[in-house]
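Report on the structure given below.
Residue numbering begins at 1 within each chain, and the chains themselves are lettered A, B, C, D, E and F in the order written.
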Amino acid sequence: MDKKLITFGEVMMRLSPPGYTMFSQASSFDLVYGGGEANVAISCGYLGMKAAHVTRFPDNALGKAATQFLRKHWLGTKDVIYGDNMLGKYFLQKGAVHRSSEVIYEREGSAFSLIKPDMINWEEVLKGADWFHWTGITPAISEGAAMCCLEAIKTANKMGIKVSGDINSRQNMWKYGKTMQEVMPELVKNTDIVITSSRGIKEMFGLGEVGVGFSEAAKELMNTFPRIEKVVGKTRKSISASHQQIQGKMWTGKKYIKADKLDVTHVIDRVGTGDAFASGIIFGLLYYQDDDLQALNFATAACALKHTVVGDVNMVSLDNVLSLMKGDTSGKIKR
Amino acid sequence: MDKKLITFGEVMMRLSPPGYTMFSQASSFDLVYGGGEANVAISCGYLGMKAAHVTRFPDNALGKAATQFLRKHWLGTKDVIYGDNMLGKYFLQKGAVHRSSEVIYEREGSAFSLIKPDMINWEEVLKGADWFHWTGITPAISEGAAMCCLEAIKTANKMGIKVSGDINSRQNMWKYGKTMQEVMPELVKNTDIVITSSRGIKEMFGLGEVGVGFSEAAKELMNTFPRIEKVVGKTRKSISASHQQIQGKMWTGKKYIKADKLDVTHVIDRVGTGDAFASGIIFGLLYYQDDDLQALNFATAACALKHTVVGDVNMVSLDNVLSLMKGDTSGKIKR
Amino acid sequence: MDKKLITFGEVMMRLSPPGYTMFSQASSFDLVYGGGEANVAISCGYLGMKAAHVTRFPDNALGKAATQFLRKHWLGTKDVIYGDNMLGKYFLQKGAVHRSSEVIYEREGSAFSLIKPDMINWEEVLKGADWFHWTGITPAISEGAAMCCLEAIKTANKMGIKVSGDINSRQNMWKYGKTMQEVMPELVKNTDIVITSSRGIKEMFGLGEVGVGFSEAAKELMNTFPRIEKVVGKTRKSISASHQQIQGKMWTGKKYIKADKLDVTHVIDRVGTGDAFASGIIFGLLYYQDDDLQALNFATAACALKHTVVGDVNMVSLDNVLSLMKGDTSGKIKR
Amino acid sequence: MDKKLITFGEVMMRLSPPGYTMFSQASSFDLVYGGGEANVAISCGYLGMKAAHVTRFPDNALGKAATQFLRKHWLGTKDVIYGDNMLGKYFLQKGAVHRSSEVIYEREGSAFSLIKPDMINWEEVLKGADWFHWTGITPAISEGAAMCCLEAIKTANKMGIKVSGDINSRQNMWKYGKTMQEVMPELVKNTDIVITSSRGIKEMFGLGEVGVGFSEAAKELMNTFPRIEKVVGKTRKSISASHQQIQGKMWTGKKYIKADKLDVTHVIDRVGTGDAFASGIIFGLLYYQDDDLQALNFATAACALKHTVVGDVNMVSLDNVLSLMKGDTSGKIKR
Amino acid sequence: MDKKLITFGEVMMRLSPPGYTMFSQASSFDLVYGGGEANVAISCGYLGMKAAHVTRFPDNALGKAATQFLRKHWLGTKDVIYGDNMLGKYFLQKGAVHRSSEVIYEREGSAFSLIKPDMINWEEVLKGADWFHWTGITPAISEGAAMCCLEAIKTANKMGIKVSGDINSRQNMWKYGKTMQEVMPELVKNTDIVITSSRGIKEMFGLGEVGVGFSEAAKELMNTFPRIEKVVGKTRKSISASHQQIQGKMWTGKKYIKADKLDVTHVIDRVGTGDAFASGIIFGLLYYQDDDLQALNFATAACALKHTVVGDVNMVSLDNVLSLMKGDTSGKIKR
Amino acid sequence: MDKKLITFGEVMMRLSPPGYTMFSQASSFDLVYGGGEANVAISCGYLGMKAAHVTRFPDNALGKAATQFLRKHWLGTKDVIYGDNMLGKYFLQKGAVHRSSEVIYEREGSAFSLIKPDMINWEEVLKGADWFHWTGITPAISEGAAMCCLEAIKTANKMGIKVSGDINSRQNMWKYGKTMQEVMPELVKNTDIVITSSRGIKEMFGLGEVGVGFSEAAKELMNTFPRIEKVVGKTRKSISASHQQIQGKMWTGKKYIKADKLDVTHVIDRVGTGDAFASGIIFGLLYYQDDDLQALNFATAACALKHTVVGDVNMVSLDNVLSLMKGDTSGKIKR
């Protein structure tokens, strides 16, 4: 597909004890890189879009290695910038059945958190792009990151580039003196496609009810911010760390639709499945144009498949997603 | 069991990204060797038969290493021959749940594909053997391989050695100018025990109907080729890449019998499970002599167990198979 | 929790082929250490108790390394003693679904089996302890080990320290000339909390019936040995090597209670789950004091969680157990 | 440095038993990719030039993975093309001291060997480039590869782009019906900077004497092909597989110069050291412009450093090379 | 030896690409822990002293794992404290021959850097100790760390505990607003045994000359700070990253002595060799009491041996050091 | 070479911490198998002889796996017998430079040590053999092993099969009640080719002087035992664990000859180098027939090459040895 996606956000080094071992057992860490927005870009790259990521890394061999990871996974990296300080990190101990996966973040003082509004020339960056995607993690990281994100969104608006935002974040991430409620409205109101949950809408804007009434909350959100075209979410049933069920849902502006539910009976890597869903929405809406239900089924299938891929990013092909979306759940060997 | 099996066919180097990682993530490959016929021989060796494999490898350190793999797993290798060119290879990316395993073959120009009819002295090779086993892959590889295989079958016929053939192959494997339909009848008609599916019988000989009527198709096949004593198959339900169900079936010449169904809920390695079934048929028919149902249950249990063994070959013991076949599905620790 | 546990028993080097590979495939072994009693101590250490283990290791680098393993996992090791001969070992081939795990023991001539009654100063060792735990494995190893264990139990009795015993062992372990039936009564009668099964009670003391009537057998046992306060067991349903169900049960002296059943659908490591249960009983009884049912639910949750931890020992935290025990089976990521 | 290099040639999958193990011991292979020309491009990329590589890969997941390797290591890959057949491969068993490293090539029928003259639009590819580099391996692979290489050289000539060629190959590589002596002159005569040895000049053109008189042979070569500006070589003393000495040499057209000799006392990976030398010549001539001796010392230092880098490609930085070239052989830790 | 050492300082997580691979090649990191002072304590522990380390770790699973590392390697950890923030880290890329090892530190905001003077009860901690050791790294980290270190030294002085300090640090480490020259004198003047170089003495105190005249500089230092009993250093010749020569030297207060030079021809891990030297001085002075030359030879041998041990810490035994110190450089197999 | 070698002796599981890590650092062990006599047989197999090994293994999966190792490395295993008890083991911690490798044996109670004289039918085993080789380790293990070895030697004598013995062992291995001096003469006097040192001859028979006068000691030995044709030894200079020098020497019965000295500057694995020397003597004497010096140079080259091969056994080819023996020490890559 000859469309180009730009994403913006922090990319972290992910360090995990091998297999199902715990932090107390590790004598080595498996190393990949990940971050919500770059995960989306890479997934779209594997599906066949052009994609580039914008971020800020430390100016050392680790920042270079992180860039090399993005390049390897098909992203453009010409607008990555470098400077002080360290590389953001997270440590992941993988769980199984009743034992939860555990994540320890180390993002404080990261090169990305020190980004400032004038560091990126967004007009230059967004030239030729069709879509810009951001997440609610970025404005939570630092005031600079939030401002930079807003700059990007507004530039995209001006240039006629579609904007999507996966707007949720955890309350406890906001440590720099501003609250989610102060910062998010300005960003969301300039966004075309919003990915969120009823909890997210309630927490940020006081609209709707948590856990029920996704369509009502979405409707209210669209009333408040008329630019929003669609509000997208998913229902996840966590039967255990090893068994998940996924079903996409969307308020299309006109009606409430749901995708076919998918049952992931043997989870390999749960991290990044939300980003796979977001990438599926972006790709699906472009690929199926007017057919929201197809797009939603596509996103749900992409999300389900990510549960079987090691690492943060969904490396499956377009064929993989289409085949599952069309109902082939057999996983038969391809020769 | 004091019986000796000879098998003939290509053995490939199998290269797989570790665990569930994908080709795009590999910085090393796990290495084993496999090929349908050698897989059968090795399984029979672990069950307690004498077994030897005949093949052609490149005359270099890789061909030697492949031979060493066969020797390690109890096969006689004195009739392996060496010459040009490369070692056949396949790359396996293991799937899970809805993500299929993917296989890339590299067999063109392999040392085995260059085998010629007069290279093996079959009378010498088959001396002292009780059983010869071939598969439909071999005649698909090259005309030389097909001719060599026919030589072996006819020599076995002459020497009073039982012949079994797992006759299926994929249409797209036949690239050397002859079709499955031209080559296979001559091989099948000299075979005593045929392992196949209704699809296989329909595709090759235009008999029966695909997917239904295994017993009818089998009956017609035996009418056409009166040497055939039994036609054996299995029903596989692929619930997902991680969950498979297996049930052996047989037209005994007199009646249609089915084995107990086995449910493999956590697949470790799906490759080679058909070969484990074939080895179970060979061993089972010899071990239980007149009791076809026992033999079929044995084969089904062997097949089910292979799903939990890493690599192409079934390394479980006779006790393992007998215990499952007798209904112990508990998998309790043996101390 | 400011309580201290002392355990006594053999610690073995555990050597396993990586992942699901078999002995015939190994070119390396994963290395951990384990033994029923030390497993209990370590689990209690991770839950927050003080714990120390007493054993005898060979006086070489391997004995030192085993001690270092215990220290790393929070145990006190000042009373470990060293001498001839080798380190006890066991080899574990991990199974899946219908393929059983297989264990090969090499304990003969181990440094622990050569322990003699006067080698440990139990009054010194038990000073400051609140609980002493032993298992039925120890008296099965050698007469010296049995005598040492009895010394420890009697000293604990004298010093007012609670004694628990997980009393089962396999008949075929008793090779030094005495039988289970000769040795065990003296040890059990001085024990406060007995962990066993109806089979264990029947085998050792001829009381009750195997498989049924746990509460009846337990009642008879307590009649025979009035010191015993509680008899604890668990029902395990082994659906396959990869799927287990667990439910704790207890004769409290007054009534028969059962814990909530837990369903472990994707087993990672089955070994040491009984020891995790025992550690849960010890910790649970101390933590919940008068509430036996809470203690039993705690033990069942600890046992279920161990099935997802690699190695012999349960390294989960108190929070992990409490959360599962309170019904959160979702395994959601903790960030 | 704001210069751009284009290279053209086959990139192979390199599979090696880990560490110093032999083919007969491997149960996995370490995986990297390499090829003489791409190795040069990547090294120049790490030194700070822009670099892109042109090649032909199979149109499957392995061809994609090879492309991803190039991207990861900073190369542009927009002109890589895809088609039949397999990926070229080589197997490397690393030697030490008196035990030689052993290489098994599998290039026959590779996607690159099937390249045809009109498949690459060289004017497009070379737009904006400052330098084109080829090696004597490419014309040895197939007639198509040779013709494609000549196309590229002539286009570069036309566009005023400097051309360098590392012209040696092994006689036994030429299997497609033409000889080195027939094919090479046309390629060499259009090349500006030639990297070779006195043996190479003698073998291909019958000029000079093997092993002695590098400057005489070079002089004769330049008389024969007047476009050539410089002839560059190196003297390697192979004390053992683990100990090598390197010294660059050059006939500058005016005089014969030699670099400082470097002593590599603990070789880590000998493969690709010639390519590192070539990359050093290209970078050095651009960086030092008129100072041939500096360029030669730079190339010798780059070559020496490559002996300590795992894989085919030299990933050291400009600072690493400059520091060694200026005489700091101490290898002191950089903090 | 029945002596007890207390050390104080930061312990970092050390992450290294496996073997000789570079940051750009890593898909996993080898994990150990290290820090100058803890390295000294662990080495003394392996030599047979009692040793404990005092530090501050983050209150999470990574801080626990770091503590477990110390415990495993024989240290007492009862005085480790926990709090905010992250765990200090360093990344190590191992070099060879002319390619330097490269280190990237991430210590800013570490839990240790946030330590404050009143957090450790030094009288409690030092009870029963015979020796306290500190390094010049600690006062460079933060004002809190410097003050804490001074507290410890003064308490040790008061309690009659010998104090040694390895006083060097890099100028560029001092980032918190005070200079080395402001902070160090107060610490050094209360120290009994100083380990440093002529460069260190010149930089900090303006005494002596860099690179020459170690004994003169040492003499001046002892004149300035009369508490100092001995000034110890070593001459290291770095022939390459893979070949180092080591020779201890000491101004005993009365004379200048030098140890036998040791030639380390095949370096395995260069990091922590200075700490191994310091541990050798501490142990040697206690073990040989009045014989400074023996102590210095012991330290030199310990230092040389560390070059062959993987990780930060010297795990060799007393026998290993004594044997080398007595001149057995043969490295013959011990059976 | 169409000659057949039979060897007899214990084969142990060898467990080593990876790379240069120490026992205290291991979380896995690399696994190979080795034993002096089998090492000789395997090396001869790789050189091109037929070879089979006779031993006794435990009747379990570990004994099977050990047999599979021998089969993989080309040995005949039809005369391996199985029974109680455990598999002999040794643990190897690899040293470097001044740090010695350390070995811990666990052979007590091994299946081999329990072998009894009548368990092997030597006439059957030795049928068709040209050479029988034994070592001084075997009679040191147990009386049964010693008797079995004598049986083999005498049968070989009777059948006209050449017998070689590498007769040394360590005094502290003899634990079963007999001394080296009591047992060895009977074995040595029936041996044709003796491999030993002047120390060995002195220790066992009181002949000659240790360390000097190899030829005098050899001469006296041959006077005492007239069957002996040649006495062979080697001078090893252990410059460090990483640097060894080797030179074969022989008293041919007529004169004292020495091989060219070889300098192994970067040792990879020192274990089994003596066995490689012995295999070189056996192969060399057969290959060069009357030329003792060639045979000795061959053995020295084989021994030198083994220092670069991982594991106990020398897997180099005949070409490798011939090339080094003829003076090519360059270790140049073979393509």
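The criterion applied here is as follows: contacts are C-beta pairs under 8 Å (C-beta built on N, C-alpha and C of every residue); 3 or more make two chains touch, one makes a residue touch a chain.
In UniProt terms the chains read A, B, C, D, E, F = 2-dehydro-3-deoxygluconokinase.
Here the structure is a predicted model, which means the values were calculated and not measured.
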Intersection of contact partners for chain C and chain D: A, B, E, F
Rigid-body rotation angle, chain C and chain A, from Cα fit (steps of 5°): 120
Chain whose Cα centroid lies at the greatest distance from that of chain D: C
Remotest chain, chain B as reference, centres from CA atoms: E
Chain centre separation (chain C, chain E; CA means) in Å: 41
Distance from chain E to chain A - Cα centre to Cα centre, in angstrom: 45
Residue list for chain F, restricted to those that touch at least two other chains: 19, 22, 24-25, 27, 68, 72-73, 102, 266
List of chain F residues in touch with chain B within their complex: 68-69, 71-74
Residue ranges of chain A touching chain B (in the complex, touch as defined): 19, 72-73, 262, 264-266, 268, 301, 304-305, 307-311, 315-316, 320, 324, 329-335
Touching residues (chain side chain E, partner chain A) in the complex: 15, 18, 22-24, 26-32, 60-62, 64-65, 68, 85-86, 91, 93, 102, 104, 106, 108-109
Complex interface listing, chain B residues touching chain A: 19-22, 24-25, 95-103, 105, 170, 238-243, 266, 270-271
